[in-house]
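The next block holds one structure in the form of structure tokens; read it before the comments.
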Amino acid sequence: MTILLEVRGLHKSFGGVIATKNVSLDVMEGEVHAIIGPNGAGKTTLISQLCGEQFPDAGKVRFNGRDITKASGPARAKMGIARSFQITTVFQDMTLLENVALAAQAHDGHSFHFWRNANSEPEINRQAMERLKEVGLEAKAMTLSREVSHGEHRQLEIAMALATEPKMLLLDEPMAGMGSEESQRMIEILQRFKGQKTMLLVEHDMDAVFALADRISVLVYGEIIATDTPDAIRDNEAVKRAYLGEEA
Amino acid sequence: MRTSNFLTPKWLFSVALLLLLAVTPILSDIFDQAFYLSIATRILILTIAAISLNFILGYGGMISLGHAAFIGIGAYCVGIPIYHDYSSGWLHIFLAITVSALFALITGAISLRTKGVHFIMITMAFAQMAFFLFLSMDEYGGDDGLTIWYDSEFFSGIDIDNPTTFYYICFVSLILVMYLYHRLVASRFGRVIRGAKSNEKRMQALGYSTYNYRLVAYVISGAVCGYAGALMGNYTNFISPDMMGWTRSGELIFMVVLGGTATAFGPVFGVLSFLVLEEMLPNVMDMIHDGAGFYWHLPFGLILLFVVLFVRGGISGFLDRLGKR
Amino acid sequence: MDSALLITQLLNGLQLGILLFLLAAGLTLIFGIMDFINLAHGSFYMVGAYICGTLVVLLDSFVLGVLLAIPLTMAVGYVTEVLIARSLYLRDHLDHVLATFGIILIFDTVTHLIWGAEGMVIPLPDWLNGQITVSETIQLPSYRIAIISVGLLVAAGMYYVVSKTRLGMLIRAGASNRTMVQALGVDIKVLFSLVFAAGAAIAGVAGMMISPITGASIGMGNDIIIVAFVVIIIGGIGSIKGAFVGALIVGMIDTLGRSYLDQLLKLFMNTETAETAAPAISAMLIYILMAIILAVRPQGLFPPKVR
Amino acid sequence: MKKALKAAVYGLFLTATPWLGTASAADSAPVKIGFVTTLTTPAAVIGNDMKNGFDLALEHIGGEMGGRKVDVFVEDDGFKPETGKQAADKLVTQEKVDFVTGFIWSHVLLASVKSVLDSDTFLISANAGPTQLAGKGCNKDFFSISWANDQIPMAMGEALNQEGIKSVYIMAPNYASGKDMMAAVEMTYKGEIKGRDMTKWGADTQLDFSAELSKAKASGADALWAFYPGKAGGAFVSQFMQAGLADTMKLYTVYTLDGISLPKMQEAGLTAALGSRGTQNWSPDMDNAANQKFVSDFLAKHGTYPSFYAQQAYDAVMLIKSAVDAVGGDLSDKDAVRAALVKADFASTRGKFKFGNNHFPIQDFYLREVVADSEGRWTTKIVSKIFTDHQDPHAVDCKM
């Protein structure tokens, strides 16, 4: 198995507060790698450095063999890192199909097409429809996205991320704000891609993490204190003390 | 998209309006009111400018408080060549579009690095610079403006000095520009621009360099607005830096918002009602009380406030709600 | 270069800077705390001048006129906030621009209705109308010194209120983090009204100070408000310190540009071109400065620490 | 077909708007005069004074010309060329006036002139005198009752020579007239020009002259020569005093100290104005019957001396009346009307009056001084005559 995402010595601080402290991390091709940690552990800061919204003070990020430490967000997306957001960020005034088509269109070269009606492009629409099917939203393809439920928004996010045909999915708390039934559906959806898509999953919902992850990294105060299989993590004393212990 | 959209009040109103605009020269001839033809011409030209602004402001969320600069640049691209006796209308239009596009490219490249109020203010700052630039060109009248002593010349058979001919040139231009933007909004490019307004972060996560798309939209908008400026130069036969002042840009924004942003017909409604208000209010007030017309800005300001505070979606939105009832 | 002239010009620049600061201070706080773009802030500058002018003529005392005009202008600001501005805070910037554009039209026309179209000359008492002799060659108009002193006094007062009082703490907190103020259990509505009205009064003071020089006229605030926006963008939105430094920079550049740019240009071009180009370029200078600052440092020179 | 339609449409409206019916009675139809001036913005002080002069003239002629009633259409130019041009458009296309007059500002006039002349309407400027229209751009239907912009500053330059002023510093607003003036100075003034400043003008007028005045002071010139019409004049003189220049420099002005600004300056105690001199083609104290009637009636009605704006608007009405009278009220023959206008057979407040080949006046120019009259009111008084029968230098370029 090859390393897809390689993080070395990542460091970031705001004023005096250290948000990311010497983080090193490997995500293998095809694995589902989860990052867990208590509130304020710096998960969001870490994610935003991985997808190019913020830049580290020190350290290196390599993706698919290339150094992307200084690459911009859009550039990383083009290289194949797709992310979903913790807070729903879809295009409210567009239909679900248009939302996904916009994502598919991003993958399909540049979008400086000024004349042709984008809604009647069969190839893009076919791809978008397929992604919607994969997340179980095909019935609502023509509904405006502001008219669907929160859970469906989250599914739409996954469909949009998939539509860019990424090498890696970076999922920032995909279960956030969901009821247990909705979470269960989301877990099922994600399980379908397990083994096919590399995923870096940041999640609070322990059921989801243990159901999905191949390996887990535990982030506490900006530092990774352990990386191991779910079973090993469950038994790790340091993790228990720092993290699981609190929850218990 | 939804085929049941015909025969709504908005649709009927829009078609009726276009038909009315199409026959305005005939009506003005029958009633012997050349003045109203002149106002209608102004409406057409400003509508083209408003459509260009609507695309970046309404669909793209870029609040440019400097759009009047493009009208001014376009107009000077007619005035300055004519001053030097280059009368070819094709040259004027070519200049108006390319110079405006170039100005949009340079200022947009800097302005679009900023967001929110900064964008509003920096576009205004660039427009002020253009304003002061033309102000300083004494050769072309500076502050006093420049009289365009004759109109652009096209084919030998077409005399755009004739108000009716010129009106139809503007009318056809408007229809073409409306069609252009209709295509643009629905295209992949338009979708990206709409997406970037709705959620920039997400667009970047999808791999779009929104900056590039916005810049292109801004340049297209500037070019079209410059074309409107070239028409304006031929219309007024007089141009001055005043055309570029920030209050003019503010008025243009108001026209777009009044009509309803991000709608195809909004700019038409907005410009029409704005100019009709501007023309009628003083007269109506004078009728109520002689001399009251000087104070027409008072009800005008109140109407503006009212529209902002209570009329969501402008006239277009109002007509939509009428249809839903 | 003539040093006496330079000193006078620096003083003039300082005076313009101080006036701009008085306008920009309210603008930047209103923008920083309420996230409200108030193009109509300049209207208070005008209203202050007119109220003050009326009172000065009526009471035949400049000082009394100014002192009475300040609370009156504040009241106008308060009423504007309660009636209109308040319902706009949660709207987007586009609505702010338009609505306050409407407010400008209303203020201008009402002023026209009340005071006529001609504007107003505000007489100065003799003791302010003279000269202060600094040296043989340097004489300074005493009223200019008075403007600068009053301006600095207001600036010092604001500094005290903002940095040393609980109210100031709330204002600073509000400028950097709105939710925090709400979390402190402060009646945010009252705080907003207070900041708005105080900002209006301070803008009014600027109008009162300048009107004996330029006279009061309709629309006098509409152009200077754009310059005040340039100031707060250069200084960093929400920052009083930024407004102060930005105002002084803009005041100096504008004044010195007007005085020395033609001489500077004459080094590169012939006299006539320089003399015609100088006024236009000096008018552009502050916008060029703002564009450069926005391009290089979009948050301004002194942005509030946390946003 | 079109005619029938037209008749039908008019028929519909006849009952509702009776005035349309009377419009065909050509003889009794009024003479229509459009009047464009500034009635908003601070410059409205000038426009109002001008309109007062205009109204007084109409009163004096009993609202009649050539046996026909006079209808007046007043339009505001908003101190902006574009607005003025729209107003002129409206006058000629909508109201279809016979004469357009007024115009304080050269830039407003320059913007409007094409619209008016294209519609074959007579345009009589009652103040603005841009040099462009005096030379190559002269037109058979354009008349100026005032001057070419550079004549008064030319007279000023000559006056300064006569007064023995060795050096001056010049300040003027940056617009057509200001530029005309700057150019005119060099034509006649023989002393040294120590420096010059052109300040922002128009809706965004610069009214704080501190920087310029400091430069003027530092220049060490004998005199300051300024051109600030209307409200700007008050601001200028007050700052001139505040800057302490009144003691060191002599103040000379053109188009600045007049019936509009002087009462305000007196009120504000701007004593620097008293004794300052300027050139003009007219002064309220001119001794002729027409002027005495005009000035005394104006004083009685408004309590202030008329400015030259009022005086020229008054003269403009009298000129139009003389032409309409000469053709017996029949305005259909444009050539006849034009010939009557060229004759200028009316009693001007300036005494003698005649047009040159370019339809600009050939007239005398005087040096006037600001003095207090017998009742203590500030006004101007003629000191000496500078030019006799002076024609502007652009007339030679006029091929008409």
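Which chain is which? They are A, B, C and D, in the order written, and residues in each are numbered from 1.
Everything below uses one rule, namely that contacts are C-beta pairs under 8 Å (C-beta built on N, C-alpha and C of every residue); 3 or more make two chains touch, one makes a residue touch a chain.
In this text, all values refer to a predicted model and were calculated from it rather than measured experimentally.
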Centroid-based (C-alpha) most distant chain relative to chain D: A
Mean-CA-position distance for chain B and chain A (Å): 43
Cα-centroid distance, chain C relative to chain D, in whole angstrom: 36
Rounded Å distance, chain B centre to chain C centre (Cα mean): 32
Euclidean distance of C-alpha centroids - chain A vs chain D, Å: 75
Junction residues of chain C, two or more chains touched: 112, 117, 276, 279, 283
Two or more partner chains touched - positions in chain D: 39-40, 174, 203
Residue numbers of chain A (touch at least two other chains): none
Interchain pairs in contact, sorted by label: A-B, B-C, B-D, C-D
Of all residues in chain B, those that touch chain D in their complex: 29-35, 38, 138, 141-145, 147-149, 236-238, 240, 242-243, 245, 294
Contact set on chain A toward chain B in their complex: 51, 53, 72-75, 77-78, 82-83, 85, 89-94, 98, 101-103, 105-107, 111-119, 121, 160, 164
Residues of chain B that touch chain C when the two form their complex: 57, 63, 65, 110-111, 113-118, 120-122, 124-126, 128-129, 132-133, 135-136, 138, 142, 246-247, 250, 253-254, 257, 294-295, 297-298, 300-305, 307-309
Chain D to chain C touching residues, read off their complex: 39-42, 44-45, 48, 174, 196-200, 203-204, 207-208, 210-212, 214-215, 217-218, 231, 234-235, 238-239, 241-244, 264, 267-269
Chain A partner contacts - residues on chain B that touch it in the complex: 1, 183-184, 186-192, 194-195, 198-199, 201-202, 204-210, 213, 216
